[in-house]
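Okay, so here's the structure we're looking at.
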Amino acid sequence: MHRRREKLSTVAGVVALIVLVGLLQVSLRSTSYDRLVLGLNRPMPITKVVDFDPTAITGVVIGAILGGFREVAATMLWLKVDELWDSGRGTEFATLNLMRTVTLLDPHWIEPWRITAWHLAYNLYVETEDPHERAILLDKAVACLKEGISWNPDIYDLYFELGWTYFDKIKDYEEATKWLEACTQFEHPEYIERLIAHAYERLPEIDKALDWYDYCIKRNPGDHTAIGATTTIRERYLRAWRLAQQKRYDEALKELEYYLMVDPEDLIGLHFKADLYERMGQKRKAHDIWKMAGEMRALDDYARYRASLLAAELGLPAPPQPRALMETKKELAVPVPK
Amino acid sequence: MTKIYQLEFGRKQTGVEDLNLEVEEGQIFGLVGPNGSGKTTTLKLLLGLVFPTSGTGEVLGFPIGHPAYKERIGFLPEGPYFYDHLNAVELLRFYGGLFGLGGKELDRRVQELLELVGMWDRRHIRVRNYSRGMLQRVGVAQALINDPDLIFLDEPTSGLDPLGAMQIREVITRIRDQGKTVFLCSHLLKEMEPLCDNIAILNRGRVVQSGTVDELLAGPQGMYMLRAHTVPQEVVESLRSFATEVRTWDSEIEATFADQKLAAQALEAVVEAGGTVRELSPYRRSLEEVFIDAVGGEAQ
Amino acid sequence: MKAIYRVARATFFEAWRRRFLNAILVFAVLIIGSSWSLAYLQPGAELTLLIDIGLGAIRFFGMLIAVFLGVRLIADEMEKRTVHTLLAKPVTRTQFLVGKLVGALATVWSNILLMGIAFYIVFALKAPQFRNMDPEKGPVVRMDFMYANIAKAIGLSFLEVGCIVAIAVMASTIFSWILAAIFSFFLYFVGQMADFFRVLAQNPDRVESAVQRTFFAILYAVLPHFEVFDVREAILKDQFLPWLTLGKIVATGVLYIVIATLIAWLAFKGREV
């Protein structure tokens, strides 16, 4: 009797176990859903691990072992980065890996994302002359910032860093406006709007540039930079822009030429003119102007980029050297997270 | 009952085999046997600490392992050890609590038992600092905390000084006199002989002999034994002619005789020769002899 | 019930006398106290680091205490053979097991409580300094829900270490205590990244073999998900933690404890001691 009861209790235990495991799946599912909706999941670069990025795997494993101490470890490593930096070893590969590990361990810490991207796009960038390598570095900087944004989507900091990198280093004003505009959803400093307007000027998108400048002036009637900029644009280009919008290209061109006579090297004017020809369908002329603008200014990568796009389309000889922007756009393009 | 231990790598070891024991109420039952003969296994089986491979058993009318009889038993394991952060009083209160005892009644019982085993004066010492003998004494006390009807004691006097051992033996007899049953395991045969009513000898997991102490120790029917000293050599020689066996050492002799008449004759001879008689009694073997007979043969 | 209570009480008081476990507790409280000054290591994120060190220490040292206590719980009784005297008394194996577990839970929970109080004091004294730390930068540190959230997070740590104790006890009824300790640590670490296996299981682009994906799916289902107890994200973002979600997390944790205990019971009920 006694033994039979023992056996019965074993069976009952196993049955209870199965039921409980079933219940557990239900509660786990519901909990996981809640956590996903509330954004409670700890940042973990899982996708990177799946791609077998060794640094990321190390980061995840260290993170798991440290359990709650990931951020503390990140802090310690960051101090080490500082030390390497001060001893003149800042450009070494090891330093970069260390920085990367810090971002993996504590993805909510903004500083390492910003510094790592800056390090890639500025410090390491000038270490090499090879444009292809430069392009890779810029691409890495962009990827780094985008990953940082994915962990910290609710503050302006990294959107700004990315926008600025596009604006200042890559000269991709289309991308720059996109990321800079994203900053405005959150609390942000005042200069962001002016920067967006500057980027639109260079595209050129005169209407949008003016919109942003106007916003700046409304917000702060004493914003002299914005006031000065709007005055110039309104005087020189607004009429031409309106005409172009009505597809009255010839008249627009005339308006533009007038001011280009006054200031033939004006960046906005040249970009506008080239863009106008492109819209008119005169691609060869557009190409020549973009090329000229590019030759005129060492930093006008955007003009050179647009020229090379047209050159490829028209079967013209490729520009003398491939440019970083070209490469980032074509070869290493990272899909933008939606 | 049979208990086969499953060891690692599929090896097996027999704990006890075809064990068949019956213990009557109100007795002191002794289970004796050499080391590794299965004494502790038997106890563990009876207490439900291990489970039989085959066979069944009953303790106080309940199947072995059943929780019900545990209210009414006491157990002293071999080389007992207890929670070492407690002192004697706390320890007994803890065990008493497991039986649902408490309050003044438990306090009285604790004092009574600690006095009984001679630990009352040392009651504030923590178990951690106990000597082997103190552990044993407290072990006996905890086995008695619930005033059990049946008490299992595994090597109760090991590690005790002679005085302590005697005290424990007294406790055991007293329990029996209260009508309780005592199940004793030991290899100290000298101690078991006067203490037990019934004895079973265990060897290699099997009972090789069992019965009442008188039955086991009784020699062949009607034989007598004479012990004496300072017996002249020629008298010893003459005794050899009609004695069954004569053993001598120094000035001592020990002779056995087939019947009372021959023994009386020998007594007369010794007395006349001026020897000192120490003992004349019906011949009774010692437990040691019985044990060596039973176990020794098989051991070879 | 009484037997369970008695065994639990004895376990609790015995555990509190273990110097090793006390040392871990003292060390943990020291670390929590040191977060006071360590926070300045991470400029711009002092509050984050303060919370991280505090809650991290509670979880990590709580886990250490839980594992070392849990795996030795039954093993000690067996080695010292105190289990013999105990099971010869009217204490069933079930009562013994549950009593030991309850005693161990009481021990780790009291440890967590002490660590939690220490951290709460440090936090309450230190946090107000960060409230308006950098007005120039624009956003000030928000702390609307922070005090409540930290209390909730500490509460969930109770549950997490509870699970670890139960798992350690379960492992120790099946393996030797050393193996059980290794097993428990392993489970804890892998359990922290259980979600990783879900990604592997649901990503045919990355893991091509269906067999491998099934394997990862099983791993995901079987591994304890310790990450569900981690709500630090809510603290850092200072968002309200709904009671319903907390309830679900608690239910999950309780289920883990019950399941581990049940497995331990199944393994232990027929165990020869």
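By letter and in written order, the chains are A, B and C; residue numbering begins at 1 in each of them.
As a convention for this text, a residue touches a chain if its C-beta (ideal position, glycine included) is under 8 Å from a C-beta of that chain, and two chains touch if they have at least 3 such contacts.
Remember, it's a predicted structure, so these values are computed and weren't measured experimentally.
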Pair of chains ranked first by number of touching C-beta pairs: A-C
Per-chain CA centroid nearest to the all-protein CA mean: C
Inter-centroid spacing, subunit C versus subunit B (mean Cα positions, whole Å): 51
Centre-of-Cα separation between subunit C and subunit A, whole angstrom: 39
Between subunit B and subunit A, distance of the C-alpha-averaged centres to the nearest whole Å: 88
Residue list for subunit C, restricted to those that touch at least two other chains: 270
Touching two or more other chains - residue numbers and ranges from subunit B: none
Residues of subunit C that touch subunit B when the two form their complex: 2-3, 6, 10, 13-14, 17, 80-82, 84-92, 270, 272-273
Subunit C - residues contacting subunit A, complex: 38, 41-45, 48-49, 52-53, 55-60, 63, 137-139, 188-190, 192-193, 195-196, 199-200, 203, 206-207, 221, 225, 227-228, 230-234, 236-237, 239, 241-242, 244-245, 248-249, 251-252, 255-256, 258-259, 262-263, 265-266, 269-270
In the complex, subunit A residues that touch subunit C: 6, 9-10, 13-14, 16-17, 20-21, 23-25, 27-28, 30-32, 34-35, 38-42, 44, 46-47, 49-51, 60, 63-72, 74-76, 78-79, 108-111, 154-155, 187-189
Subunit B residues within the subunit C interface of the complex: 44, 47-51, 67, 70-71, 73-75, 77, 79-83, 85-86, 94-95, 97-100, 139, 142, 146, 152
